[in-house]
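Take a look at these structures.
Look for chain A in each of the two complexes below; its partner is chain B in the first and chain C in the second.
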Partner chain A sequence: MFSTFRDFVMKVVLKPTRQVMDLKIYVCVKHVPDTAATIRVGTDGRIDEDITFIMNPYDENAVEEAVRLKKQVGEADVVAVTLGNDTAEATLRSAMAMGADRAILVRSAGRPDGITTAGALCAAIRRDGPADLVFTGRESIDAEGFQTMFRLGACLDMPVASNVVAFALEKGMVRVTCEMEAGDREDLELPMPCVVGAGKDLNQPAYPKLPDILRARKKPVTVVDQDQLQVPPSTSRVEMVRLETTAEERHPKPLEGSADKIADAIVRILRDEAKVLE
Partner chain B sequence: MDKTGVLIEMRDGKLKPSNLAVCSAASRGDGECIALLLDDNESAVGATLQDYGVDSVVKIEADDRAIPWNPEAWTAAIMQAMAHYGIATLLGLASVKGKILLAGVAAALDAPLVMDCTAVDLDRHAAVKPQFSGKALAEFVTHGERHIYGLRPNALPAVKAPRQSRVETFQATIGSSRTTVLNVRKGASDRVDLTEANVIISGGRGMANGDNFGILHECARPLSAAVGASRVAVDAGWVSHTMQVGQTGKTVTPKVYIACGISGSVQHFAGMKTAGLIIAVNTDPQAAIMQKCDYAVCADLFDIIPALTRKLQKTAD
Partner chain C sequence: MTKKYDAIIIGAGVIGCPIGYELAKMGYKTLNVDKLSDAGEGSTAASCAIVRAHYSTVDGVAMAYEGFKYWLEWENYLGNVQDEKGLAKYMNTGSLLIKSQGHDWQKVKNNYDVVGVQYEEWDVAKIKEMVPVYDMHEFWPVKRPEDPDFFKEPERMLEGALFCPEGGYMSDPALSAHNIMRAAEARGAEFIFQAEVAAVRSENNRVLGITLKDGTQIDAPVVVNVGGPHSHKINQMAEGVYEGCNIKTKALRHEVMHCPSPEGYDYLNDGYHTSDGDIGCYYRPEAGNMFLIGSEDPDCDPQEWVDPDLFYAGKESSYRRNNQLTAEQWQAQTYRCARRVPDMAIPNQPRGVCDLYDCSDDWIPIYDKSSMQGFYMAIGSSGNQYKNAPVAGAMMAELIDKCEKGLDHDKEPLQYTLPHIGRQIDVGFFSRNREINYNSSFSVNG
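Showing the complex of A and B:
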């Protein structure tokens, strides 16, 4: 039964040192236009959605970290949550292929602002939770509202760490490194539950393999309509009144000649045209 | 309530120049413009701020001293100052800290927030901001009791509008924070932050390796420029992701953007298309960037950049 006395001590007397924790981890993800997609705006002021959509790139880092954490602690329920229309299920399936256990799709009909988005995600997490941790990407690459995680934090009454590039769970506390400006780094300690906004340097998301993708098809997705969540209405609102694509209007002038001559021309441009030289 | 607050940011004890445009945007007609300052400082920032339309400078402290940086404590202190002075509209920079603090305040007050604005019209509560990484522009109108806007650094002009400003201190009451700031590690101190730089020199596939970025840093020094990179250079492991300009990196609006050996993908343009001038250096005349820049240099960056560095060093002497 025990090969040596040492083995007996390790297995019975000292017990496993790795603590097995049963965590409930939510990952808020967003279904966004592919970075390479050409954005067209229709007469109704909405974008033409007949383009490729993907999971928001920073949310991939959020899912990856949640799945790694699950492997580390042993027991965890990793739930991907999104607010979107039926097509957003594709992003939830991607999250499950990456290792999330199940998903919640909050079906929205309209065009939600950051306030309604966070309200709906928060209500969905509350209903399913309670959450021990909430991961999300540091920003979405479509609306770039830079606020969902902070509104989630306020609504769920959790502290928030944004721009996270290193994450660890130590003795029940969350330790993160955040990227600040000009390459500064900051180490924070937060209690659980908390909201973690993943940055690109947090990890390298693994590409799911075919069996993972097939398994993800069978994992459960709970669908709930936004109205069903009965989020108390906010008196605040951010209304989009106009959306238009930006035109590219640059007319390149060639700079030619020897390297010396070109360098002189650039100095003149920097000094006289851009006025960035004293 | 006609009072507008401006969240002032300092770096290394100095006022960030990009604050001045925020003061200009906040200062209007009869409304009072109040600058809120949390950083520990001895310098006379009030004198500079009053030239740009600030009526009063409020130093926010707790227990008669500057509040050590903590996102939760600072957010709470800003909210107390807003309540005390009756600030209905709050503006700040869409910088790293600005994004944390403005969003934290907006979330706690359940107030509308538009981040990364390139134009604001405070009387209409309207703001314009890029969407889809600059592929589109959207105008928003905010509804609520309070309105919060984060302005993209360098996107708006700083306009002199001298006023006589007072300097006063506001004592906030700070409880315990759930978040503990364990330490702050400074990056390279001579490096300029990409999002705030006037000039950016970026390298892409044409750089060939990480060591070659040294020539960009040398050229950047006399210009006080920041060095950026395309995704190709980051994915190849030549430089860190903190230097990436583009849709999944940083969005920048420098006065001049010098692209070296960068082909100019849609994703890269998404991050730098609002630059004042774009100078492209590329050996391939067919590269996308050569058609979408202001000055196209069809030559080897390894010839051009060192030559430019020598000229700039001479100019600086």
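Showing the complex of A and C:
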């Protein structure tokens, strides 16, 4: 019902049209050890993988943003991609339960470095694409290399924005806010296609309900062996030489005396020993 | 110099502390020793701390119903003692026992009638009115998510539930044990921590005392094993005691999950503790508006019996046997609960607690003397005795005192009068010498 003629004009004649685009959105996800797991180094110098694995937490923000974008634009294909062994399919299923339409598993053995990972993801996306947008998490919580998205951007010849905490797609341009060191923020505008590294504050992931999980079990996962992608070998690589767990030793030191004396002692420790005060 | 007490209680959890408290009230000079750093830091801290009355035996129901009175009047029970950490709170949510094929609820109803537990029978319409988020279809039998039939559409509705207005949970089980410790100390009880028992000394089948790992010897004519998941190891330290028990105890690994409540539903303030045998789960509100989801050990779930020392050190043979949540069990318990609560959104990362039950052969505790004079046991709590802790404390104190004054409890079992409900229970029901009690539910339900 319209209360006035002006109301009719505003709601029917001049109603805002929803931006409808047919987008191909890739989300790179990683199958990582649960942050709550007890990490042990095995006799082979690698982490003992007899632990619970989950989707990299930052990748949840990436998947969420991709799914929200799909709802905003109306037509989009959200594809989750990962490099890993067969167990990594569980993380792809989690991404599809959160709303990704389908997934690609680039099957590989071992724990490839960021260089190899970026090359393989790039090849998989090119083979399936072309991509309009690529989301990743800002870093993985196991390797914390913080470089895969940049190498991926270089390989795909796309600009990259990292640690994104706000995202908007307007008239074919991506507008993001990136969180920098010491809490500063920077606003960027990127042409599509581009790579967006999701930060923790980008959104609150909406977790799936049981019907979503059931639907995800039936969504397609394309499996391609890393060798099939014929990724040109890189001239450089990162090799893990040694892995050690750090032994946490705490040596509490009681501070005694009056409240003023204790406060002075704390300030001195923070300034002169911990060096977190000027 | 060897210290001397009237009674040493091994363990300062939620059952060890009230035993020390009640003996101290009787005038005993007591010492609780615990290998951890404070009261309630062991398996007590991981307890779901649920207070409910439904048990598969009449004496089980009676003890639990008696227990309510202590939780409801917590400050009075503690003798109005001050605790610098604050007091644990009893959250009375009411308790729903879903009428399902997974529970012999008719037996529970009969037990309620015998003991005088207040309850109502709710049909599905009433449940939907009071708990709109529940889907009251029947999902029996309990399955794992890997089972192809897990997601099968249900065909029948459940009948309803038994609702007890008296039921709920304690907000902080570790704090509750700490409160009882402070109350005990106000009566002269002593506690030492980071004190691991290495030996139980005896002579001519009479207990003399204990030796700690650091070599300290402490003497007492009464030693009480309240060692929780380590109970079988402590019994093995006392010559002949472990072999003299017909019912044994061992440590069972258990995972409890925390999953957010559906958007828009205030489970913390509006929800009920629910025992749901139809899906093999029980659940209650948890801080942060979460569903705390425990398992009722359905047949389809593998049981992991572990060595408690290896478990807590994370050195069991597989992570599925250590103190870490597993993705498989996270999915099993949350997916089952989500069948009942369809709007439940399930995070990717498991959240919750993994700890041990001190489980007896028939999931009924052992509150008894032993074959060694002066050595007593309050063990085999099997995940279902938190609620009975204050009652167990008083009952054990009376048992110990009577036995030390000449009662032959094996021949003439103590008849203990529950002070609040006035009912007498035969403490021989909890005997170490009993045959396996097939009336038990053989589960956390007791």
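We adopt the following convention: the second predicted complex is superposed on the first by the 238 of 278 C-alpha atoms of A that agree within 3 Å, B and C clash if a C-alpha of one lies under 4 Å from a C-alpha of the other, contacts with A are read in each partner's own complex, and residues count from 1 in each chain.
By definition in this document, a residue touches a chain if its C-beta (ideal position, glycine included) is under 8 Å from a C-beta of that chain, and two chains touch if they have at least 3 such contacts.
Everything numeric here is computed off the predicted structure, so don't read it as measured data.
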item	value
Chain B versus chain C as contact partner of A:50, first or second or both or neither	second
Which superposed partner A:140 touches (first chain B, second chain C, both, neither)	neither
Which superposed partner A:190 touches (first chain B, second chain C, both, neither)	first
Which of chain B and chain C A:33 touches, first, second, both or neither	first
Which superposed partner A:108 touches (first chain B, second chain C, both, neither)	neither
Chain B or chain C, by number of chain A residues touched	B
Touched partner set for A:117, first chain B, second chain C, both or neither	neither
Chain B versus chain C as contact partner of A:90, first or second or both or neither	second
Contacts of A:210 with chain B and chain C, given as first, second, both or neither	second
Shared contact residues on chain A - chain B and chain C	35-36, 38, 57
Contact footprint of chain C on chain A as seen in their complex	34-38, 40, 50-55, 57, 60, 90, 94, 206-211, 213-214
Parts of chain B lying in touch with chain A, wherever the complex brings them together	11, 71-72, 94-97, 99-100, 103-104, 106-108, 110-116, 126, 129-145, 150, 177-188, 191-193, 195-196, 198-199, 223, 240-242, 244, 247-249, 255-256, 258, 265-267, 270, 273, 276-280, 290-299, 303-304, 307-308, 310-312, 315
Residues of chain A touching chain B in the complex	33, 35-36, 38-39, 41, 47, 57-58, 113-115, 118, 141-147, 149-151, 153-155, 159-163, 175, 179-191, 194, 199-201, 234-246, 248, 250-256, 259-260, 262-267, 269-271, 273-277
Of all residues in chain C, those that touch chain A in their complex	151, 260, 314, 318-319, 322, 324-327, 330, 335, 338-339, 342-350
